[in-house]
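Each of the next two complexes has chain A plus one more chain, namely chain B in the first and chain C in the second.
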Partner chain A sequence: MKYFPLIVANLGRHKIRTTLTILSVIAALFLFASLRSVLTTLRTNAQFGGARRLVTLNATGLVFTMPVSYANKIKSLRGVHSVSWANWFGGRYGDGKVFFGQFAIDPESYLAMYPEVVMPAEQKEAFIRERTAALIGRRLAERYGWKIGQDVTLQGTIFPGDWTFTIRGIYTPTNPAIGDDAMFFHWDYLDERVGRWGQAGWFIVEMDSAGAAGTVAKAIDDQFRNSSTATKTGTEQAFQASFAGMLGNLSLLLGFIGTAVVFAILLVTANAMMMSANERTGEVAILKTIGYSDRTLFGLVLAEAGLIAIVGSVLGLGIAKAFYPLVKFNGFGFLPGFNVTAATMAWGALIAVVLMIASGLVPALRAARMPIIQALRKVE
Partner chain B sequence: MALVEVRDVYKSFQRDTQKVEVFEDLSLDFEQGSFTAIMGPSGSGKSTLLNLIAGLDKPTSGTISVGGALVSAMSASELAAWRARHIGFVFQSFNLLPVLTAFQNVELPLLLTRLSRKERDERVRIALDVVSLSDRLDHYPRQLSGGQEQRVSIARAIVADPTLILLDEPTGQLDAKSSQEILALLGRLNTEFGKTVLIVTHDPHAAAKAKATLHIDKGVLEKTG
Partner chain C sequence: MIPIVYNARSMMQRPVSSSFTAVGIALVVAVFIAMLALGQGFRAALARTGSDQNAVVLRKGADSELSSGISRETARLLASSPHIATGADGRPMVSPEVYALIPLPRPRDTTSVANVVVRGVSEQVWTVRHHLQVIAGNKPQSGRLEVCVGRKLLGRFEHLEIGGTLRFGGRDWNVVCHFSAGGSSFESEIWAENEQVMPVFRGEFFQSVTFRLTDPGVFDDAKRAIESDPQTQVDVHRESTFYAAQAGIAGAMLSALAIAVTSIMAVGAIFGAVNTMYAAVGSRTPEIAVLLTLGFRPWQVMLSFLAEAVLIATAGAIVGALLALPVNGLVTSTTNWSSFSEIAFSFRITPLLLAIGIAFGVVMGVIGGFFPAWRAARLQVVQALR
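Right after this comes the complex of A and B.
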């Protein structure tokens, strides 16, 4: 600690350079924490899924629908406890540019199957009772100032026209992966408006027991194998993972960008430290003349790099940790439960240590190994 | 036994392809409490002698001992520790750290000791008082005159109470008045505080303040006075 004023004074020698170097470390660690958090959130959300829930899709692909009459057939299978279904709506709000997730659901069966979607009992009842009612996430309500009883009109894209819903419930998810910025409304209302279309986007199947997933999934798909619309059934977790899988290349890209940014900042910091050390060749010689050992000087130069790395990383990681919850960031609905995890903070701290060693090692070694007489000639 | 004993010292170094011989078989002593000026033309080897005694450089052969310690045989880390304890070095160009105040510059040698913050504080204040700069504790080198800067560097040299004070052209960059003040201060350090002072100088006025003068030319001890 007694050397601390000396270390701080040396860093204050070129205030602008030191400030810019610290800012670059802050930016690097903030970006690292942000990009890694995108990846961890995607991975965490991909693991979401009730152990007893299966999802049945059209075997051709997610965008293709299935007859809603499949629900009764699935329900009759051994090992199936209950069935629900949903459709992606894809509407826009306001000037047509505002987008959030909207789902047409069978209210009673869907909410029974998702106890993670929580709201007051009277709101739940009101939502189920009214055909044009909507259930919205708390974040959505806060973002647009929507209140219970308010009418909200969406412009349909897949299902054209203006669609007006009355907000009857505001939910809060107990699992962040569900997201709190979605809207649910009655599948019946959708079906009626599009002329008794009778199609579901996907079925959610609750089993009697979690251990029967393989058997039940096979039984469902076998049942529709030779029909006009074959199905593909898997666990809800696999369903979520398939979304994350679509982002596979994005993950790679984010990882690459993160690594490149950190590496670039490392070079900037190392360069700044090298410049600083080179400018002080004479002073190193003076300190050696006074009696500072090679080891002490090595430690002092390394500590300078360390202080930059510590201040920069604490601020960079701290800002990332505080900023996203403050603005309630959820990646425009694509990253519900976005969170800078403790593991990300730990990785950031590790990067700071590597940064300190990588940027300070060479200048520290040069200071320690510098012959006094040779260095003094530059002073005298 | 003399405080500083230089025995049969041979010192040469390589400059490009040429071998330059600085000393050949140099032997001399400096007594405890002495105040000696070393004079000689540029390149005569006077600064090299100072560097050898301070353990900043090593003789090619021969031995140098200070207060019984064989300086020429010490390792780099031993030399650093020994210098911190026994040597106070003053440069021609002051060589204060510009980012530190006068107080912090003087405190630098004490950071290497086990002294408490309070003890360090006391010692720094005493050293700055000795050089009459008690009112300049918080001044940075750029806020001081050349003479004041050199006095701070002398305070830095004496703060750890060294065995030997070595000065390399301490008045070389000062005006006549400041030079006189510095020389008077060195005289006080020698007479009042009993410090052994060894000064390398071109300046005959500076040499005149010393108790003994030693002339070196081309590495050879010419005469003493």
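Right after this comes the complex of A and C.
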């Protein structure tokens, strides 16, 4: 520890160089933390899903609907506790450009099934009571300045025309994977306006116990196998994961970029360390002459590299950790609950250590091994 | 002028630090080009999908084929529009189409499925759309459950070889041909006859009607005439702009990602270049003094050091461009969120993209070399010679 002032003094000699090197380490670790967080957020969200919840879809594909009368048939099956359903609405807001997720739901059963969607009791009641009421996420309320009691008009793309809803509730999700930028309204209202077509986009099935997923799912699909519309039932988690899968091999790409970034910065740092060691050949000789051991010199140079790596990584990771919640980043709505996890910070720290060893090792070894005579020759 | 050989030789004097800096820049340029190539490929796939000479009709207010619906009656009315070109067989060049998504299991990962477009087309479609070519087999025959598979799907899903059987919509379909479509997103689709597909999907509705205009110039007239007809309630889009607009969110995200990542990386690499050049200036202080004593002007010294930085950066940028080249043509896939379908596309490196990448590298060199060169030019001869 007594050498600490010496290390700091050495770093302070080339203030610009030290600053720039630290800044590039900051840039690298910030980028690393950001890219890895995209992946971890995707993975976390893909794993979202109540253990007791199943999702039933039309077997033909995601975009096809099913008769809502299926709900009663599913409910009567063994092991099923309750059933709810929803439709994707796909409306636009404002000048027709703004888009966010809107769902037509059966209010009472849906909210009972999703305790993760939280709002004050009186708002919940008001939303359930009124046919044209809407429930919106906190982020939507903040983004557009919407207040409770306000009317909002959407332009339907799947269901043509102007649709006006009155905001009666603002929810906050307890699980970030749900997203705080969705809007819910009454399925019944949608059904009535499109002429009682009686179709549901998907059913959410709550089971009596989590263990029976396989048998309940099979029982549901068997029930409708030979009807006009066959179904496909799976866990809610599999349903969520299928959306994450739609991004394709993004993870491979991000991993590749992350590696390139870290490697590029490694070069920059190693370069700076070698330059500063080279310039100090003479000093090393003098230190050796006055009795510094090879090991101490080795440690000194390595510690210098380490200090740069530590300061840079603490700042880089810290900025990433603080920055994203500050701007409430959610990746255009694709990455709800975007978060720099502890594991990411740990990986970042590990990279910093490797960075330190890799960039300091060669100069440190050279300083330790350098014969005094040869080194002194350079001192004129 | 100080000869450039001086700079080249100086670089050789410091092979390690020069090459580290160059490789740092090379990596940034490589990532920059690769990421732009990804966005470019995605947009190109969609932009090429449409033609100027075609029009797409959707239900009023619908922003994608997925959310649209057009009745048989409306389709019949549209087909009689005077702006539609007539084919060699004397029939109007129009294709009322059914559009649906089906889940296809991925061969290697059975837990996940991809949403693939099934398009029901008319017989005329092969002349209405440009660049279509059956590359193997024969076109589906009218009245049969036969499909033609886009080239980009091959190898990514099973049972797509000619003679294979594909099950969707509760029926078995024979694969009778493969087609190419000039690299467009149609190559990620499965085509069948519209009348066969309609009953198994969403009932008596088409999703869109595409027709060939008699001339690209009559689009505005056609649009006005059709949209003003109270019987139809539709929007008319030019096919080229319609599909280009479908790149929407996904295209914007890819570009945003490319810019965010490379600009942060570039900052790191520029700092590296600044470090190298400061060190170069620092270790050559006596040389600079000699140059100034010999009568070179300070701005000439500055230019010389700037040239050195640019030389390193250019070398790095060229290496980076070469590193990025192998990704050209690499096929990847993502979901097009406007239509919810998965489309495959190739990384596309154009000469322009390479030039932009190299220019980006050179600019990093200029920025990185500027302040060190400035310092070199302002050295006091007397002090430096000490």
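Just so we're on the same page, the second predicted complex is superposed on the first by the 375 of 380 C-alpha atoms of A that agree within 3 Å, B and C clash if a C-alpha of one lies under 4 Å from a C-alpha of the other, contacts with A are read in each partner's own complex, and residues count from 1 in each chain.
What we mean here is this: a contact is a pair of C-beta atoms (placed from the backbone, for glycine too) under 8 Å apart; a residue touches a chain by one contact, two chains touch by 3 or more.
Fair warning: this is a prediction, and the values are worked out from it, not measured in the lab.
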item: Which superposed partner A:D294 touches (first chain B, second chain C, both, neither); value: first
item: Partner chain in contact with A:F30 - chain B first, chain C second, else both or neither; value: second
item: Winner by number of chain A residues touched, once chain B and chain C are compared; value: C
item: Contacts of A:V261 with chain B and chain C, given as first, second, both or neither; value: second
item: Partner chain(s) touched by A:L62 [first = chain B, second = chain C, both, neither]; value: second
item: Which of chain B and chain C A:V98 touches, first, second, both or neither; value: neither
item: Chain B versus chain C as contact partner of A:I286, first or second or both or neither; value: first
item: Touched partner set for A:A346, first chain B, second chain C, both or neither; value: neither
item: Contacts of A:A9 with chain B and chain C, given as first, second, both or neither; value: first
item: Chain B/chain C common contact set on chain A; value: none
item: Touch list for chain A against partner chain C, complex; value: 14, 16-17, 20-21, 23-24, 27-28, 30-31, 35, 59-64, 90, 92, 155-158, 160-161, 230, 238, 241-242, 245-250, 253, 257, 260-261, 263-265, 267-268, 270-272, 274-275, 279, 332, 334
item: Chain A partner contacts - residues on chain C that touch it in the complex; value: 16-17, 20-21, 23-24, 27-28, 30-31, 35, 38, 59-64, 66-67, 100-103, 106, 109, 111-115, 168-170, 200-202, 249, 252-253, 261, 264-265, 267-269, 271-272, 274-276, 278-279, 282-283, 332-335, 340, 342
item: List of chain A residues in touch with chain B within their complex; value: 2-3, 5-6, 9-10, 12-13, 282-283, 286-296, 372-373, 376, 379-380
item: Residues of chain B that touch chain A when the two form their complex; value: 51, 54, 56-57, 76-77, 80-85, 87, 89, 91-93, 95, 97-100, 104, 108-109, 111-112, 117, 156, 168
